[in-house]
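Below is one structure; the comments refer to it alone.
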Amino acid sequence: MIVDIGIIALKAFLVLFMVLNLAGVLGWIERKGSALMQDRIGANRASILGFAGMGLINTLVADPIKFLTKEDFIPPRGDKFLHTLAPCMALFPALVTFAVIPFGDTLQIGERVINLQVANLNIGILYVFAMGSLGVYGIVIGAWASNNKFSLLGGVRGSAQMISYEVAMGLSVIGILMVYGTLELQEIARGQGTLIREFLPESWRFLKSAIGWLPAWGIFLQPLAFLLFFTAAVAETKRVPFDLPEGESEIVAGYHVEYSGGKFLMFFAGEFAEIVTAAALMTTLFFGGWQVPYLLRDGFHFPWGASWLLPHLAVVLLQVGAFAVKVVFFCWLQILLRWSVPRFRYDQVMRLGWKMLLPLALFNVIVTALVIVAVQ
Amino acid sequence: MTSSMMIFYLLAALLVLSSLMVVFQRNVVHCAMALVAALFLIAILFVTLQAAMVGVLQILVYAGAIMVLFLFVIMLLNPTALEPRRGLSWGFGMLVALLLAGALAALVSHNEAPADPFAATELFGAPESLAKSLFTDFVLPFEIASVLLLIAIVGAVVLAKREHN
Amino acid sequence: MPDTSPNLQFIQQQLGAKVLQTLQAQGDDIIILDRAGLRESFRLFKEDSKLNYDFLSDITAVDYWQKKAPRFEVVYQVTSLKNRRRLRVRVPVPESDPAVESLTPLWRGANFLEREVWDLFGIRFAGHPDLRRILLYDEFQGHPLRKDYPVNLCQPRVPERKVEGTFVDERSHNKLARLKHELGSKG
Amino acid sequence: MKADAKELPLEIMELQMGPSHPATHGTIKFNLKLEGERVLDCDVEVGFLHRGFDKSCEQATWTQVIPYTDRLNYASSLINNVGYALAVEKLIGVETPPRCQYIRVIVSELARIYDHLTCCGMAASEMGAITAGFYMIEAREMITRLVENLTGARLTVTYVRIGGVKHDLPQDFAERVKQMFKTIRRLLEDCDRLLSRNRIFIDRMSNIGTISQESALNYSLTGPMLRATGVNYDVRKVFPYLVYDQLDFEVPLGTKGDNYDRFVCRIQEIAQSMRIVEQALEKLPVGPVWIDDPRFVLPEKEKVYNSIEGLMHHFKIIMEGIQVPPGETYFAVEGGNGELGFYLVSDGGGRPYRVRVRPPCFIAMGAFHELVKGHMIADIIPTFGMVNMIGGECDR
Amino acid sequence: MVPLNHYLILSAAIFAIGVVGVVIRRNLIVVLMSIELMLNAVNLTFIAFSRFLGSMEGQVVVFFVMAVAAAEAVVGLAIIISVFRHRQSLDPQEMQLLKW
């Protein structure tokens, strides 16, 4: 009993630690990466002994200290309680979502089998959406409590945008749920361990030989869904090109214009934690989660017959490593996106969400259903 | 007292507190936030009753969508003036509430409710079983609900649309 | 250099006594106009198919304080894009009644330019829809481009404008008071 | 419901955007009336950077005005210098030697490229396309370095003098310009891929801030703002000055008069300006860069230090200023934002009696409310960006 | 395990609080929120009964209640917006044109 609780606590601590640190690292990567893209140096004081790479450590320590030592400003006619509550509500959902994301298969130590996932809920993906839908309160409440017209505009934009894209996001995932037949994220990840040929009926010989050797990842089975999910996820994290609630050039900083110090740090960390969460979800749903292609429990089994057996611990480490690499890749992709495109306008975002993504997601669901019926 | 009882009492106390705040806070946004808290607590109660699916839907639909809509409208209208505090219907309201609570409590206490719950299986409350009853026994109400939602959407658009000259 | 050109002669014919003088300096066409019926004169410049000065380049003024009899001169630059000609119109304005007709009905672009002349010279434009100060603040006293406005004149300090609903919270008020106190004890 | 119950408008929100707002470049204020996100009315308040340019000029000698003109449109201070010097020269009635004229054309066009790069780059980065903005700023930085090499200053150059330019071009100038243009063309190609063909950018820019040809003329707009509506008015072509009539270049025109047309006009003008500079460098004649007239030109340092006549000559020009005959004149050049006119009045002394600048972006701000009315708040940003209001010029 | 009665008493209390809100508040939005509270109190009973009787039907009904609540909230808020546009007030006492 005690050991079980200890293991869960350890897992939760590890996940939180990784997410928060990755969020901090992303803050540095964003600065350095954007500098790389824009032919500048970027964060040029953050180095240790003149070695720029060490600036990462420097930044990880210096950033929070800088934020935490700044004055915590509450606008005079703002709502003190809600003003304090809002950043917590922005950070909280991004962190708790990670509880259901599997970062590896089961790990066997002696007799004990440890599921590498903090909590295995049978409604996994719904829990993610439920928590994600709470994220909007951080914005709306923060915007309202600031007693500032710019932040109010940001709050209105943010609430409309997040509700709209949640719909498209939810519908885009339905296809994945239909293919793998479960809501549990661990099961979805396991379902992506096979090859596509297992999904195809015997009679579709040509397709089987043509693409059958591909791993059965969501991206191959539901490419359109991935595009929709990616778009909606970027919109949910409120980053360029969907950063209208912030819109620093038009409504200054939108919902967090009146935030400073530690509270701003929470918004800031919340945004990066959301990026990590979105990347983890993309990985889990569409890129096999912790799966390495052709790596089964006992080692590699290639489709052309060759195999290479590995010890259990090595397999688990490989899988966890693969998950981490994929997550970091998708974080980087989102950061790359931020520095490449201009911002949408409010009505354009709404049009894209309701008139493009939603019908496409419905279309995807229908096509998926037809294909599944045909295959069976 | 078992741990489940303790959890229940904690949740119940918080739920009553937040419900009272919904009714007695003067600031509309505070009311709305209290209602969000109440809905969240009810969702947790659902989960303790092995209705995780419904609990999550509760958060998703109520807290995630309906309440945001409420906040959206509050911000849109921005009713700055606090509502007048008139004592007229206070007594009446309290009377009704007390009568109602009394009647319900009396009914409940006379009722021979089963103290021991049905021994639930793993599948009870899972998405599969909910879906199965939804799409077999309740398929007609389900369709009617979708039509209702459609009507609501159309109605809302018609009501809130600006009249163009 | 001749003091007239076919263009200027044509204008003189059309406007008659309103034209006080025509000049040609450095190749520029200049006419000095009476301020009576100014808008109608400009309507002629703008709408006459031969002149076709349909583009208002600039409006400004010059203060000839103690140099000329009507103290001010409002100067208009109009351009004909079609004929590729410029015309400068100078309108003397006396100090006793510094006002001319506004050109805003003809050119909406005259709005800001006339506001600026009012702001800096104190010449009013009759018929201007919104004659407010533009570069300077509302509480500014005098018109700085007049030659009798000293260069180094200090304007009185303007008290903070009371805006409905502004409120300084107690903490920052105390901070300010402390700061003032500290500065006072030092200096 | 009563039949006469009229629908009340929703709460109209008044929003004061500026003067310290990230998109207003620090020095302008929009008093907006909003319904939701839609702009019902916009009252432009300028003057936050007013520093009495006209009054200051009246206190200075004719030459001392030149540094003040640097600070008008500080993104294209060389054009301001050239315009002012040309106006004074017109008032005096002298003409500079050909080499000087070519050099003035070259520096004007460099300044124009600088101005347009600033405008487009800032507009892009304000819309979130920061990378494209930085590419343009990188190109701009190269021009700044070149200008620094030529004039000794990066921004407030004070390069042009009445009757000449401060000094001749440095030796490897042509070579450096060639190198620089190569890089700028490459960077502009990148920006073209990132911006001009980006769907989001096009959607944000086109059909926003549209103004018709008639209104644009009525509002006295000039420069890229007017040319984007299709009016072919470029001072360099219509009233040629310097040697522009001997150089081959085109005037890019738009059709719709929206922000996208303005953007494209400016980008194409950069290409045309580069053509002009290349031609001018090729045709650059040898000869002096000053007029040969001791009344306006300072003597050489050698003479000042070694002969009493030289010293007195220097002293007279510096202390009393150049003697400009009484009279008045108006002279306009094509500035970065349009017709940059100087109206000068001289009473015959060493100091100007009146210096008036026709500020193109001040006049453009007069039409701004027309451009943004009916659009969303977010549309103010690209519209304002493409007007390219420069506080120094607008508020003087 | 918590007995069923506890859940029923709790939901009765919440329901009563909701009724109080509907009766005493003078703000249409809060009235609407109180109605939501009452609906949730009922939901709680359904779920509790479903658990104690071992039948999924309670949960299904809650599902439908949610759909109805969503529809009701949307239409209610739309009505509130249009009422506010006409009267600039959210006080239900002022909407008395249909009074006898």
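A, B, C, D and E label the chains in the order they appear, each numbered from 1.
The working rule: a contact is a pair of C-beta atoms (placed from the backbone, for glycine too) under 8 Å apart; a residue touches a chain by one contact, two chains touch by 3 or more.
All of these numbers come straight from a predicted model, not from anything done at the bench.
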Minimum number of chain-to-chain contact steps, chain B to chain E: 1
Chain pair with the most C-beta contacts: B-E
Chain at maximum distance from chain B, centres defined as averaged CA atoms: C
For chain A paired with chain B, centre-to-centre distance based on mean C-alpha positions, whole Å: 30
Distance from the mean Cα position of chain D to that of chain A, given in whole angstrom: 47
Between chain A and chain E, centroid-to-centroid distance (C-alpha), Å: 35
Centre-of-Cα separation between chain E and chain D, whole angstrom: 64
Where chain E touches two or more other chains at once, by residue number: none
Touching two or more other chains - residues of chain A: none
Multi-chain contact sites of chain D, meaning residues that touch two or more partners: 7, 10
Chain A - residues contacting chain B, complex: 79, 82, 85, 121-123, 126-127, 129-134, 136-137, 140-141, 143-145, 152, 155-156, 159-160, 162-163, 166, 183
Of chain E, residues touching chain B in the complex: 1-10, 12-21, 23-27, 29-30, 32-34, 36-37, 40, 43-44, 47-48, 50-54, 56-57, 59-60, 62-64, 66-75, 77-82, 84, 90-91
Touching residues on chain A, where the partner in the complex is chain D: 34, 37-40, 149-150, 153, 157, 240-241, 243-244, 247-252, 339-348
Chain C residues touching chain D - in the complex, by the definition given at the top: 25-26, 28, 54-58, 60, 62-63, 67, 75, 77, 81, 84, 86, 88, 107-113, 116, 120, 133-137, 144-145, 149, 151
Of all residues in chain B, those that touch chain E in their complex: 2, 4-5, 8, 12, 15-16, 19-20, 22-23, 28, 31-32, 35, 38-39, 42, 45-46, 48-51, 53-54, 57-58, 61-62, 65-66, 69-70, 73-74, 76-77, 79, 83-84, 86, 89-90, 92-94, 96-98, 100-101, 104-105, 108-109, 111, 113-120, 124-125, 129-130, 132-134, 137-138, 141-142, 145-146, 148-149, 151-153, 155-157, 159-160
